[in-house]
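Below is one structure, written out as structure tokens; comments come after it.
For reference, chains read A, B, C, D and E in written order, and residue numbers begin at 1 within each chain.
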Amino acid sequence: MTTVMHVLPYLVAAYVFLTGCYGLATSRNLIHAVGCLAVCQSSTYVLLLAVGYRDGATAPVFSDIKPGSRPVVDPVVQALTLTDIVVGATVTALLLALVLQIAKRHGTVDPDELRELRG
Amino acid sequence: MNGWILAATVELGGGGAAALWGVTTGGPARRVVAQNMTTSALCPALLLFSQGYGRPAYVDLALLLALLGPVGTLVFARLLSDDLAAERPSAWALTWTAAAVGAVVVAAVCAATGPGRAMAKLLVIGALLISGNVIASRALSGGFRGVRGG
Amino acid sequence: MKRLRLALLALGGAGLAALLVAACLDLPGFGGRSHPYGTRAVHASLTRRAANTIASVNFDQRAYDTLGEMSILFAAVLGCVVLLRQARDEHRAQPQPAEVARPVRRYALIVLPVALVTGLYVIAHGQLSPGGGFQGGVVAATALHLLYLGADYRALERIRPLAVYETSDALAVSSYLVLGLAGVLAGTAFLANTLLPYGTFNTLSSGGTVPLLNAAIGIEVASAVVVLLANFLDQAVEIEEEHGS
Amino acid sequence: MHHLLPLLVAIPLLGAALLVAVGRHLPRIAAEITGFVVSGGTAALALVLLLNSSPPMVEWVGGWLPVGGESVGIVVVGDGPSLGMAALVSLLTLAALAYSWRYFDEPPRGHPGAFTALMLLFQGAMCGFAIAGDLFNAFVFFELMSVTAYALTGYRIDDPKAVQGALTFGVVNSLGAYAMLMGIGLLYARTGELAMAKIGRGLDAAAGHGGADALVLASFVLVLTGLLVKAAAVPFHFWLPDAHAVAPTPVCMLLSGVMVELGVYGVWRVYGTVFAGPGGIPAADLTRALVTLGALTAATGAVMCWYQRHIKRLLAYSTVAHTGLFLVGIGVLTPQGDDGVALYILGHAGVKAALFACAGVLLDRYGCLDEHTLHGRAREMRATAVMFAVGGLGLAGLPPFGTGLGKAVTEEAVGGPLTVVYVAASAITAGAVLRVTARVFRGLGPRPEEADADLETSGSEEEPETTGPLRRIPDTMRMVPAVLLTAALAVGAVPGFGDLVARSVNEAGSGGAQASAQWTVHGALLGLASTALAVALAGLAVTRPHWTAAPDWSRPLRRLQSGHVGDYVAWLLMGATVLGVLALPAVLGG
Amino acid sequence: MDDAVIVVALLLMAGSATAAVVQRDPARQALVLSVLGSVLAVLFTVLQAPDVGLSQLAVGSALTPLLIMLSVRKVRRRGRPEDGGAK
């Protein structure tokens, strides 16, 4: 159990990243593809937070506990993940805006039918 | 380790798996109902975690989920109203069961917290959770019948 | 072509998967005790009397990252405004009023102020308890859209003077930058948290400039999300293409 | 002085924010002047800092100076290469803003300053990435740069190609950025640090005598994937022609002139600071990976460039080819190679931006970018013709252009058979540009026959970027390419400039070893040879079109550029695997 | 015991992520993505990152689904007048 537990979170992150890539590559709908990109990104959250986790520790927020009374997890990765989530949300929004324009100009959101740029 | 976390794990595992099953299979109606049930499954789990970890500060998560979960369901109810019009999903038995679970969990956590500001917050969360859940179910079963262009 | 893609995907995915799995086995075990940067960050946060270490990292120790994060949001919203502008061959159609079941409408109108207050609470307590400008800002902005969900789009448009939100978005970004530049002018460093007293631990005014930067982010995010959703709503509800074009 | 380093980011961002805040009430010209002043001010600041960058500066943002060697803050680095890139970014932004002066497409209603504000954000992001000394901070500015670039690429929403190219760009680059972030996460797990120099030391300490392990290899592959996607190395390059061919011309100037090169710069910076130690990736493995990918990139870019008829796409592929040359140059890991690439990037930025500017003139005058349709139509545009031809010669590395000097120094550094790659890639891309000049501006040779319509993007139906087709070309649109070409010439022609660049590059990296970067007879002869080859190729293409028509073996290569975002994602995964295989001996050997 | 919670949350997250990729219809995917958002928030809570959990809740439970659904609606609405009107 413990050896599995030592790598499981990381493996889940890697799995989710690759799954998202698979969905992205085989997607038949650009809105779906943007959703898959969001799935890819959620793997980075899991990886970062798993890296900063510490057994039996709690959040380094001292509004309701005394500093030093309990071990705490790594706050830096949490700050990084926060930034990452903002990035993810904004990129999703921007890409969806582009998809909307593609739908208008090409009349389709199926990547297989977009045949303008090639060669 | 304590019973709170055990209860939360059971709630998370059972409710989460059921919600995931519901949201990935069946017709549109069943899926939105399952999406709505996610809130009622996960929000009590968050309350139990807060109690289990001994961190009242974590209650804010449950508060936000109780607030925003139904809003998310309203989004689907409104923007999928055409798809749902045919089926008029109603799952009142499920809705009231989920509401009862929420009420029990809130009551249990309240009892453990004791009276005070923290308890008031918990009661607000409970009220939001149950009313949000019920209203979202109502919205799904024909709450947006007349929505066309707007 | 499709077969080639699947072959590449299988090969590339397998290679990357092998690499990642091998790397995972070399990682320090999950839940380990060694976090040198994290330990330093907690210590630094306590010396600046910020109760929420994450807020201290975000708005003090690594405030420069948050500047970049805020600019990403600002740039993306500006980008969406530009990308979702009304094109030459489009016009606006007046949205029709919607019929909403009465309990749903009542719920939306009651929860709206509750959600707004919650958003403000989450922003204000950012440097003490979990939360902060980003989280609270999104909640506050989402709250406004209950008007669309519970009533109709015209009701939302009445309380949403878009120009005001765009301006406050930009002004919040500017004030974050100006707070940073104040450090340079005072001769210390960009975004240095040395201008204000650090206050008492675990109170709303503790942490020096942390609450100010936090508030700037809160305003920025709330306005930015409103503008962002407004552009998508306009597209989905109002803007129509000319027929026959 | 070092306190001023973050201002390179803060000033353009503040300018952009203020433009948006008051933009509603501002006439368009005021918005453009503001953009000009802010961008120019940043450029001046970058130049002043650059002149004071010896010895290199370091600034801890927020005043979190290290205590006992440990800090919790973010470090920014002000050395020759970083400030040089920041100065190049700022000057090129200034040139692009000048080029778009008043004539560029109608701004969105109610947002007269939106385009200028996005350009300023782009400038700030690129400056921030250039001076980043902290790996996560580099990621943040990398993302800011990408997000702004997506929006700018899709700026002309009426153009179906523009929005498609922008989406492809967005998806592929975002995925690359997430890969990079995973790499950063792995490095943080191993070392618990985020400042690049600290990570490097942490890797060395963790490795002991063992050398690299799978974790180091994986993080190396993931971080480099992100950077190489930006640098458009084969097989991560597919997004580049799709995006660069459709972006508005002033944006193309920045994308091709400096953003792609920032990817190369990132590879150089990250390898040199993080992975160069005994705990990282051994030099031989990096050289193998970068030289292989670089040579492939140069070859693919050159071949694809030759067979284009869409002029902007042609220029975009020439950027791909040149990025390959840059990667080979930094891949050999010699001080001289670094100096050569630095000079090459400076010269290339000027030449390529000028060529895009001339292509933009064609687009706005004729509403068309197709070499075949435009055949002989642009005879009247003498000045543009001369500049296009001079740009082509600059691309070939004709002495004394900066590109020529950079190419000569790099060729000397890489030596041996790789010299052939340099001569061939630069000659073929330049030959394609000269061919366009001869056909479009002079009407030489027979009109080419139509073929393979399903294999190519023709560019015959493009919308001008101005409110309507221009009757008269405004002076700014002609002055900017002229100035850029002069600058590219000056990089190679001003005596002592090469040595100056070499000194400031070597002071920052290369382990302090000094090399000189001067014209040699050998280098000049190679430059002349490339030029002669380019002219000969162009002449052959114009007079005997069927000799140089696309042969059958090039069809599969052209078919790979399918415009399908799923294909590009699959190639990205494949590229990461290839990179891992190329660097695998680092782990097996240890 | 703590580990068991984390394992359950991780597996749920992996399951939702897979489901989100496998659902090819964007509207159905949006439903799964909103579940994924909530599950991620719970996972962050058990990884002791309440700040991140709050962010994820704010973004994932209402904002992202709203953006996706509005896009879906726009794309569908575009399709309709052409089918009905043009022919």
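Basically, contacts are C-beta pairs under 8 Å (C-beta built on N, C-alpha and C of every residue); 3 or more make two chains touch, one makes a residue touch a chain.
Keep in mind the model is a prediction, meaning the values are calculated, not measured.
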Chains in contact with chain B and with chain D: which ones?
-> A, C
Comparison of A-C and B-E by number of C-beta pairs in contact, larger one | A-C
Would you mind checking which chain's C-alpha centre is most distant from the centre of chain D?
-> B
Chain A-chain B separation of Cα centroids, rounded to whole Å = 24
Round to the nearest whole Å and give the separation of the Cα centres of chain C and chain D.
-> 31
Take the average of all CA coordinates in chain A, do the same for chain E, and state the distance between these two points in whole angstrom.
-> 11
Could you state the distance in Å from the CA-based centre of chain A to that of chain D?
-> 28
Each of the following residues of chain C touches two or more other chains, namely 5-6, 9, 13, 16, 20, 23, 25, 27, 35, 37-38, 41, 52, 54, 57, 62, 65, 68-69, 72, 75-76, 79-80, 83, 87, 122, 129-132, 134-135, 139, 142, 145, 228, 232, 235, 241
Multi-partner residues in chain D (2 or more other chains touched) are 136, 140, 143, 147, 150-151, 154, 157-158, 163, 186, 188-189, 194, 559, 562, 564, 566-567, 569-570, 572-573
Residues of chain B that touch two or more other chains sit at 53, 55, 57-58, 60-61, 64, 68, 71, 75
Complete list of chain pairs which touch one another | A-B, A-C, A-D, A-E, B-C, B-E, C-D, C-E
Interface residues, chain B side, partner chain E - complex = 1, 5-6, 8-9, 12-13, 16-17, 19-20, 23-24, 28, 31-32, 34-35, 38-39, 42, 45-46, 49, 53, 55, 57-58, 60-61, 64-65, 68-69, 71-72, 75-76, 79-80, 83
In their complex, what parts of chain B are in touch with chain A?
-> 53-58
Within the complex, which stretch of chain C touches chain A?
-> 5-6, 9, 13, 16-17, 20-21, 23-25, 27, 29-33, 35, 37-38, 41-42, 45-46, 51-54, 56-58, 62, 65-66, 68-69, 72-73, 75-77, 79-80, 83-84, 87, 125, 128-130, 132, 134, 201-202, 228, 231-232, 235, 241
Write out the stretch or stretches of chain D touching chain A in their complex.
-> 136, 140, 143, 147, 150-151, 154, 157-161, 163-168, 170-171, 174-175, 178, 181-182, 185-186, 188-189, 194, 241-242, 245-246, 307-308, 452, 454-457, 558-559, 561-567, 569-570, 572-573
In their shared complex, chain B is touched by residues of chain C numbered 93, 95-101, 103-104, 107-108, 111, 114-115, 118, 122, 129-131, 135, 139, 142, 145-146, 149-150, 152-154, 237
